[in-house]
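What follows is a pair of complexes built around subunit A, which joins subunit B in one and subunit C in the other.
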Partner chain A sequence: MNTRHQPLYAYLLAALVMVGLSYGLPLLLPGDYIEAVYGSSQVVLDAEQEAQLRQELGGRKGFAAHLWGLVTLDWGHSLALQTPVSRLVLEALPWTLLLLGTAHLLALVLGFIAGVEAAWRRGGRLEKAGVGGATMLQGVPEIGSGVLLLLLFAYHLGWFPAGGATTAYAELSGGPWLLDVLHHLALPLLTLVLAYLPGNFLLTRAGMVMILGSPYLETARAKGLPPLRVRYVHAARNALLPVLTRFGLRLAFMITGALVVETIFAYPGLGTLLFTAIGSRDLPVIQAVVLLAALLMLLINLGLALLHRRLDPRIGHAL
Partner chain B sequence: MKTEIKQLTVTYREDDHRLLALDRVDLQLLPGRITALVGESGSGKTTLGKALLGLLPPAATVDGQILLGEDDLTALDETARNQLRWRRAAVVPQNGAAALNPAYRLLDQVAEPLRRQRGVKRREAEERALAGLAELGLDRDQARRYPHELSGGQVQRGLLAMALILDPPLLILDEPTAALDCLSKNHLAQLFRRLAAQQKSLLLITHDLALARQTADQAAVIYLGRIMEYLPAGQLDRARHPYTVALYRSFPGMDAVRDLGGIRGDAFYRLLHAHPAVNVQQHRTCGHDHQHLVTPASNHPEEHAPPGADEDGHAPAAGCLFAPRCTQAEDACRREAPALNRLREPDAPQPDIDQGHEHQIRCRRGGIIDLLCCRKTSKSYGPVTALHPVDLELRAGEVCCLVGESGSGKTTLAMLAAGALEPDRGRVSFAGRDLADWRRRDPLGLAARIGIIHQQPAEAVSHRFTVFEIVAEPLRIQRPDLDAAALEQRVLTSLAEVRLATQPEFLRRYPHQLNLGAIQRLCLARALIQQPQLLVADEPTSALDPSVQAKVLKLLLELQIEKGLTLLLVTHDLGLARKIADRLAVMEAGRLVESGPAARVLSRPAHSCTARLIAAATTT
Partner chain C sequence: MSSALLRNLTIVSVFLLLLGGGPATTSYAGNETRTLKIADGRGDWGYPNPFLHYPRGVGYIRMSWVFDTLVWKDESGFIPALAQEWSYDPEHLAFTFKLNPKARWHDGEPLTAADVVFTVAYFQKHPYHWVMLDHVKEAKAIDRHTVTIFLTRPYAPFISNIGGIMPILPRHIWQEVSDPRNFNEPSAFIGSGPYVFKNFDQARGSYLYEAFADYYQGRPTAERLIYLRAGQPLVALTGGQADLANIRPEMAAQLRQRGFEIISDQRGWNKKLMINHRRAPFNERKFRQALAHAIDRREIIDRAHRGFGAPASYGLLSVDHPMYNPDTPDYPTDQAKARQLLEHLGYRADAQGYYHRDGRPLKVELLASTITAAGETAADRDGEVIRRQLNAVGIRVELVNLEQATTDSRVRNWQFDLALSGHGGIGGDPLILVEMISGEVGAGSVNSARFDDNPELARLLREQMTAMDPDERRRLVHRIQELHALEVPAIPLYYPDSLAAYQPAKGVRWFFTPGGIGKGVPIPQNKVSLLP
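Now for the complex of A and B:
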């Protein structure tokens, strides 16, 4: 076996373990769909009706069938919505990707640049204010800032819609549709960027400050290079690594991270899907979303490991 | 391009004080010349290197001029300075691989100045960088490696190739060989010579004195930010400033065979405690500034200079900066700051003055003084000529061993030097005064300065004196004002130094109750108790066992470092001479046949008698 590919085998094994867990863990969840739906309702089922209902909903598949179903995109039917799970997930996924992906990228780029510039001006008033502000902002949870933004901009000022990803039944297309999407995106996006940016900013700044004192940066300055090149190509490049690691780890929590914000803004992403599915014990949906999140985590980890090797040549030796 | 540093002063602002890193430094770096900048850590060497590139941190205040060709670096703004960097002056930084960006291949970093400063296309820049690296012995494969994949020597050559890529007229080498084996070091040294031959100016910042001596044309010795001595680098082993001499004596070069000395005390930071909110401009005009010398460790103020600035408006130094550590400092040295003067006497065997090298020294006393000077001194006992005319100089703080066969005149010369005998012809001077004349006018004063240990210890003590009386006698004569307690204290200290007992019973003993080794140490204690400047000792450890002998010799070396004790030691033990002598003088049949640095005399004896002695010593 080629040692270079060993990590790949490890990743495959991990994926298999995750499929197993996603199959087994929900079995430990107390109660099932029928209890959740009828437990608190006025309708009382007798034993025969309950058995019939269970029959209709279908029993649990074995693990092999479950695995085969995953590969063939047959992820079962949602119990509550009576729709194929794959369709539900594929409908929700683009919205989550749009919201979370944009938020993460914006927070990464803006936080990184702000961190680099702040470190370059260390000791200055602007830098001190930035660090103080970011530290405070980092302490505010998404749920707090999200609700505040919602109150201010949606209810009081009315500048942005309070929920949803598009205006319902508007049947827009083309440019107006895009504007409508962005309009709906603004508040949840802002909430997430505010949550992610301070961490990136502080991490970048701290890394940069260390690098600014290093001998190789003095060499770069001695070489008479343009200041921007010294700052970004020589210094920031080496501060990028921890920030990217953080970015990747955060990205892996994309689905669960979206849960709070998507719920507050009623954004039709995977978070909302998962949240409602948990409420109604809609097991196939929960399984699918959780498994997707786990696999995403693995994929991102793999990507990060490969990226690290490219970014810091010393890491190739350590792996 | 000529590089000229004029009156360069650099201070670093710290919380409530300023640190004086460079103090009115003048230095010329001429094309084709390698100038070595040597000194202890913290003496300002690296600050000077950084100043030449305008790379001092924002906390630094720069005063004076740095002329790179026509342009004064201190007068330019950052953009203009950036234009000069690497084109006019490039640096091989210290720290080796840490000076290279870990994220880029060596080749890219070497080619970078070509691409960004000269706008050369990528492919061509890489070709030229590869050629430059190949010239220094790095092949294409090594060029494409990352810094962490290269060895220390490869990194050093890579850094050098990077510095040379724009063909700058000035090259600053900051400890370029610090982490290298001696083969790589020699290789680089030859390379530096070749670069100098291409009419580049090289500034070699180093504390490797051997490298400086072999490689450089001239050396500037810097202490606490001031140039103390400026001399042809080849003469570093014959330097005159007490600091340079002590520095050289501390250096474990292959030509040092004796035990290493070190310089007494510690270097201090120079902190300027200005009046509140006084910046350089203001203090230049109002001129109120205090300078403290502060140890790096304790921040303890060592000396307070009187307020008031010198004519340049700079903070005044409290006399000579090196005075607190100098073994020949006088009171005047602590008051007057010495200027950098041309050395008056033609000291070097081959003066290099025609080549523009000159020897300048910042010492009020003109450098290490000649403490003892014999000129054509001869002595006969009746018809027997014990000593033919001999010339011998002994510098202050030097250990000179007189070696030779029995009857070669060693003891006669030693006793002449001690003033115990008077020469028939010629003269002996001590500290610049005629010894015979001094002895007639002020025998007591002379006796306090020269200690003598005679060859036969048992004959040299009075058998009617107790141990205490023997050791105390010189002090009783010299210092009748000392009270009994102080006298006893001095005697006990002296006895302890030579590893003798200090119990009352021992003090009451008589010489016949002691063994020969103890009596010899008694003589040593007696000679040292008055803290002489010169100790003339005739076989002072012949009766001691090796362990006690080692301790006594260590004591003598320590006195040399701490008090500047000058030692004229007569011995026929070459092994002993080798461990403690700075200089060896070899005598044969009443003649001084050879004299020179101990290591040189021992490794390359010039006289057959010396060779015979060495051969005999190594076979037995």
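Now for the complex of A and C:
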């Protein structure tokens, strides 16, 4: 076996395990769709009606059929909505990508720049305030900041809508539609940026502080390179690695990480889809979202490993 | 995860809402009745037709805009809908309905007696679980606009639970449909109701309906009706994104000051303590009675709900129900009495006051979870208060907080000691007593006590279903309440205050329907509000 490809085989094996787990784990949830949806509803079923309903909804797919379904891109139908799962996932995925992707990128870029600048101004008032503020913010859970922002900007000030991704049935297009999307995106995005940014800031700053004392930077300064170049090209590049790792790990939890914020702001992403599906034991939907989350995590990990190899050649030898 | 999340959300938001001043209010330019928006926390309740809506009441309401029934309810009771008038012939066990000749389907076809005959036969073949047709023999068209439904035996809840709930289907569409659960073509949503279904966005949990211009009771007052999902429906209401939403009682005064109209429901929903009466020691009536004496329901309301609620009748039927029995036995909070009953059963207290019997400590598990009422899910601290109260009389309690579907599954499979639960319908037809007490009928419900140990109770539950004379039925229902209170197969705890707020500037007056819509749905979205 070519050792260069060993990690890829490991990822492939992990992906197969994920497929098995995403099928098997949701089956361990207590109760099933009929119990969860009909059990506490206004409808009272007798044993015969329940059996008939189960028959109408179709039996549980075996693992072989599930696997074949994945290969042929037939992910089954939602029990609740009688709609192809792939359609539900594809409708929700863009909103999660928009919200989480933008939040992670903004938090990465802003956190990184702020961290570099703070380390450069080490000991200054601004740096102290930044570190204090970020440490405090890091302790605030998304649920707290999200509700706070919602109540301040939506309830009291009325500047932003209470939830959703667009104004329902507003029939907008082009620029007004985009503005409407951004208007709805603002509060959940701000909540997530506030949650992710402090960690990136503190990590970058700590990394930079250690690097700033390195002899090679003295050399760079002695050569008369402009401070901005010394700061970002020579120093910050080496502080980037842990931040990128953190970015990747957080991004890998994109789907499940969005659950809380999507719920607070009724944002129509995969987190909301998963949350609702678990509550009603809609197994095909749960299995699909769990699998997607797991594969996404693998894919991002693989991407990170490759990126690390490029950024730090020493890692290449370890891989 | 879900219960912890919801609990935290609720606590944080209520605290902040109360802390802050008033909300930003949206001004309405003129009388904007063209579009009405209703917000709820979940949004998605299935497609609005009988076979695709979710079985909870909110799903039924979504469908009720599109499909009309023979009879409907408003604040005064039963009113004509597709049927202008109806009568009962006891000799032939037959209900005859005179249909409104102006009724049309959304595609313009006339609605006739043949559609009603078809609907009954179709639901007998493909059951619509909101309507039980076990007592129905057949339906026959007498003429184009007169239909008679024959029963196999008397059925007292007929008008409320068949005439008032069964959506009438268009024969010309459904006669070709053999698999109704997989039928979601646009024609699957052609009804005869005041609104035409236009769209359901599954991802966003939003619905769009448009007024049916040829509606037989006149064109609805709002052109468009929109449902939308909002994490916090109250914020959507005050921000002007919604015109009607359920609210928490503590917000009422502040919203009233801001010009919102506040409406409150009758006591038609109760929180209750499920008891596994198939397992010792709960299979002993005296033990269940001891629990009832030990639990201070007023304290639960005060501590966990800021006083917004009222203790429930031990007879299960709501105190606002016309057949409520005021002489239903009561269990005043009395720790001494609870201890006395336990000691009578052979329990002995140790030095700390905790009971033992046969060398084993008296220790029970209490399951708690978030409960969905009227489409909204709210967390509370009822379990913590009850644990403390039972501890105080010497019963050790292990409180286990679980996600609702997990609790439901354990209750349904009798894998529990005590569990907190709740349901509506107790202000509607007394059929609810059968469903929530009898094991034979309520086998599939996690809210049903499924208690058949008292032969008199079991017999009366059956008899009241066939008592067509209201006075006779009242007598039977009164006795059922007494027996339920005596046996306490589950303990009705309290009726939480149920409120909604709406924007009066929209020119629509929303109301809670006494006894609930259809099968007791405690939601103020009665289509009568939007009729001219």
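Note that in this section the second predicted complex is superposed on the first by the 319 of 319 C-alpha atoms of A that agree within 3 Å, B and C clash if a C-alpha of one lies under 4 Å from a C-alpha of the other, contacts with A are read in each partner's own complex, and residues count from 1 in each chain.
The working rule: a contact is a pair of C-beta atoms (placed from the backbone, for glycine too) under 8 Å apart; a residue touches a chain by one contact, two chains touch by 3 or more.
Predicted model, so just to flag it, every value in this text is computed and none were measured.
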Practice problem: Sticking to the clash and touch definitions up top, decide whether subunit B and subunit C on subunit A clash or fit. | Solution: fit
Practice problem: Check whether A:G224 is in contact with subunit B, with subunit C, with both or with neither, and answer first, second, both or neither. | Solution: first
Quiz item: Which partner does A:V71 reach: the first (subunit B), the second (subunit C), both, or neither?
Solution: neither
Practice problem: May I ask you to decide whether A:V260 touches subunit B, subunit C, both, or neither, giving the answer as first, second, both or neither? | Solution: second
Quiz item: Which of the two partners, first being subunit B and second being subunit C, lies in contact with A:P215: first, second, both, or neither?
Solution: first
Quiz item: On subunit A, which partner touches more residues: subunit B or subunit C?
Solution: C
Practice problem: Mind working out whether A:A80 is in touch with subunit B, subunit C, both or neither, as first, second, both or neither? | Solution: second
Quiz prompt | subunit B versus subunit C as contact partner of A:P268, first or second or both or neither | solution = second
Practice problem: In the overlay, answer first, second, both or neither for which of subunit B and subunit C A:L151 touches. | Solution: second
Quiz item: So, does A:H234 touch the first partner subunit B, the second partner subunit C, both, or neither?
Solution: first
Quiz item: Smallest separation in Å between any Cα of subunit B and any Cα of subunit C in the superposed model?
Solution: 43
Quiz prompt | subunit C - residues contacting subunit A, complex | solution = 1-2, 5, 8-9, 12-13, 16-17, 20-26, 37, 39, 41-44, 46-47, 52, 54-57, 60, 127, 129-130, 181-182, 184, 199, 201-206, 208, 224, 226, 228-236, 238-242, 372, 403-406, 408-410, 412, 421, 423-425, 435, 440-448, 518-521
Quiz item: Residues of subunit A touching subunit B in their complex?
Solution: 214-216, 218-227, 229, 234, 237-238, 311-314, 317
Self-check item: Footprint of subunit C on subunit A - complex, ascending
Solution: 29-31, 35-47, 49-50, 52-53, 56-57, 80-83, 88, 91-92, 95, 143-144, 147-148, 150-151, 154-159, 161-169, 259-260, 263-266, 268, 273, 275-276, 278-281
Quiz item: Can you list the residues on subunit B that touch subunit A in the complex?
Solution: 50, 53, 55, 82-87, 90-91, 93-95, 98-103, 112-113, 116-117, 146, 148-149, 162
